[in-house]
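After this come two complexes, each holding chain A, first together with chain B and then together with chain C.
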Partner chain A sequence: MNINIPTPLRSYTGGRETVSIPGATVSAVFRELTVKYPELKQHLFTPEGKLRSFVNVYLNDDDIRYLESKEETAVKDSDELTIIPSIAGGSHL
Partner chain B sequence: MPAAIEETVLPKLSNDEIARYSRHLILPEVGMEGQQKLKAAKVLCVGTGGLGAPLALYLAAAGVGTIGLVDFDTVDASNLQRQIIHSTATVGKLKVDSAEIMLKGLNPYLNVVKHNTMLTSANAMEILKDYDVIADGTDNFQTRYLVNDACVLLNKPNAYGSIFRFEGQASVFGTKEGPCYRCLYPEPPPPGLVPSCAEGGVLGILPGLVGVIQATETIKLILGIGDPLIGRLLLVDALGMSFRTLKLRKNPDCPVCGTHPTVTELIDYDQFCGIAPPTETGPLEIARDKAVGDLPVVDGIPQISVQELKKKLDAKEDVFVLDVREPHEYQIVNLGAPLIPLGEIAQRASELADKKHSEIVVHCKSGARSQKAAMALKQAGFTNVSNLTGGILAWADNIDPALPKY
Partner chain C sequence: MLRIHYTEYEALRAHGEGTYPNECCGVLLGKNLASEIKGVSSVNHVQLIVRAGNTRTDSAHNRYNIAPQELVKIQRQARGLGLDIVGFYHSHPDHPAQWSATDFAEAHWLGCSYVITSVEKGKAALTNSFLLSGAGEEDKRFEDQPIQIDIAAPLAEAAAHNPKGQE
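Coming up: the complex of A and B.
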């Protein structure tokens, strides 16, 4: 399935804004993602392996935090994951 | 949907105002009553920079009666790449004064209230309380959480917009039924983990796009028309010119807007965001990625001034200067030092293996990235690494004014 990589993290995916990663659930896809692009790991996950709280993950249009099975939600190849980090640029930027 | 303005007696419009706003008046969705609601409305623009500039201008054009401006800063030439409310003639002026000139020039009926201050926990409630809608155009996490919390506590809608390089986000937080910023991001990123925009740059037009989206949302809230972005996050990708909407849910456990709030007054947002409080009165924003201050040693790395470095180089001391900026910055200006970008230091430290015990002075643009690089080198076993405080900007200021600053 496709994962949309936000601008601040693209330097860790060789500049790619979309990457294609296989997996049966959201968490499986993320595991594969961090195997393929290891530098992403510390930006997305805490040392304990939990998704960092200032990073949001959407499965299609839904925030995975509000899906019944959260990260264990099953995914199809046609689904899309989008990673949305906190950004604060505004007035001075 | 409930409008942001209460239905009290609405101000009359003069013949001149009717002529001015005719294109609004002939829209059924606005009409006389809508235009009067705009005139009665008070909107606070937090920040008069990239986002605040187009936002305030369009609100003024639309006939919003009172616009409050919060900004402590002065106009700098580098602002003019995107902050279209300022001009070459106002460089050096206080931003609130500069903004007022263009706003009043566009619409003399406007009442401009200037708050030439930094928004803090001590003053936010007092400043925000008299406005109907708050438009958040700030550039740092502390203020975003501050504005969010104050809006929820005061029950004021918050037309939120933020940008980074080529992407933007917009939403409306702070309404009773909708989510707030903390529902989306319960915690800020630790300082330094998300690259700072000052280091990343921004396409000048992007805040123009997002700022006008914020103005649009503000006007919809005032008039009570359309579907404001309550419960939705609009993602703007300027390079792909794509707009996506994601669903935002109100978090029932949200500490500020949930069913059992634990945050019932404003907190210390520096602490919340993990920022050391500034040691002098100065812009809060700099604290996050500032060049380290005048201390001789910071986090185990000796700090060296540009004057000291110049002395060493003139005395032909065996000093190795390392530049850790990006290649495109090197093209703008450089000191002739070899370049290893900060992001590559870990992999490429081996290239400097013969200098493990030599004196190395690391520099970047202003001293923040070079500090990180110096620490990385120290970790990799280099024993004599210093950080050039102020970076190449300080060199241009103090040693070689012929160098361009960027």
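Coming up: the complex of A and C.
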């Protein structure tokens, strides 16, 4: 399946904005992704292996955190994963 | 360096005036290019700004957040145009155009430009850009980033207005 890589992480995928990774579930695809592009791992996951809190992952148009099976959701080759770090801030300290 | 056309620059400042006294926010689409200027490593060349909604309705006067779902759509839009997300903008109503501790803590797009416009009593005042540098969350930092504003119309636009090359 295709995974869309956000601008800041493309330096770890050889400049590719989309990479094609096989796998039966979201977590399997992510495992394979970080095997193929090992430098991505520390940017996506905490040392404990949890997805970093500011990293959003969308399966097509759905946030995987809100899917019933979350990371264990089954995927098809025609599905699309998008990694999108959060954007927030403001003048208040 | 951040390079942006005058019309896009004015549009992002006008967005901040439009949402005053709340913060506005949006995305900068363009390309990251190698710089030919000494001392400038690269240029985030903005070609289009995209307005986004501020989901922080609980504290919109001093906080902003772009819904990830909206970001996914904007990233798709960028891909369709052959552009990348090269930065973001937001406003600081009645507050300096400097990044806050919150801005820094919530900044995760390394290599991207974070543009902040101070809006004083409804009028856009200063606009500054900060480059989020570093190799990761542990050593990230904001660096002051010069802004180059292009005034001249793009060549294609000029040609369209003057198809026969006549004055």
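Definition applied: the second predicted complex is superposed on the first by the 86 of 93 C-alpha atoms of A that agree within 3 Å, B and C clash if a C-alpha of one lies under 4 Å from a C-alpha of the other, contacts with A are read in each partner's own complex, and residues count from 1 in each chain.
Keep in mind that, in the parts below, a contact is a pair of C-beta atoms (placed from the backbone, for glycine too) under 8 Å apart; a residue touches a chain by one contact, two chains touch by 3 or more.
If you're wondering where the values come from, they're calculated on a predicted model, not measured in any experiment.
**Q** Could you look at A:66 and tell me whether it touches chain B, chain C, both or neither (first, second, both, neither)?
**A** The answer is first: A:66 touches chain B but not chain C.
**Q** Of the two partner chains, chain B (first) and chain C (second), which one does A:86 touch, if any: first, second, both, or neither?
**A** both
**Q** Looking at the overlay, does A:76 come into contact with chain B only (first), chain C only (second), both, or neither?
**A** Neither chain B nor chain C is touched by A:76.
**Q** For chain A, which residues lie in the overlap of the chain B contacts and the chain C contacts?
**A** On chain A, the residues that contact chain B in one structure and chain C in the other are 6-8, 11, 43, 52, 54, 56, 58, 61, 63, 82, 84-93.
**Q** Can you check the complex and tell me which residues of chain B touch chain A?
**A** Touch list, chain B to chain A: 46-52, 71, 73, 79, 136-141, 144, 161-167, 169, 184-189, 193-195, 197-198, 200, 202, 207, 233, 235, 244-249, 285, 343.
**Q** Enumerate the contact residues on chain C facing chain A in the complex.
**A** Residues in contact with chain A: 23, 25, 27, 32, 56, 59, 62-66, 68-69, 71-72, 75, 79, 84-86, 88, 90, 92-93, 95, 99-103, 106-112, 114, 136-137.
**Q** Provide the residue numbers of chain A that touch chain B in the complex, in ascending order.
**A** On the chain A side, the touching residues are 6-8, 11, 43, 52-54, 56, 58, 61-63, 66, 82, 84-93.
**Q** If we count contacts the way the header does, which residues on chain A are in touch with chain C in the complex?
**A** 4, 6-8, 11, 17, 42-43, 52, 54-56, 58, 61, 63, 82, 84-93
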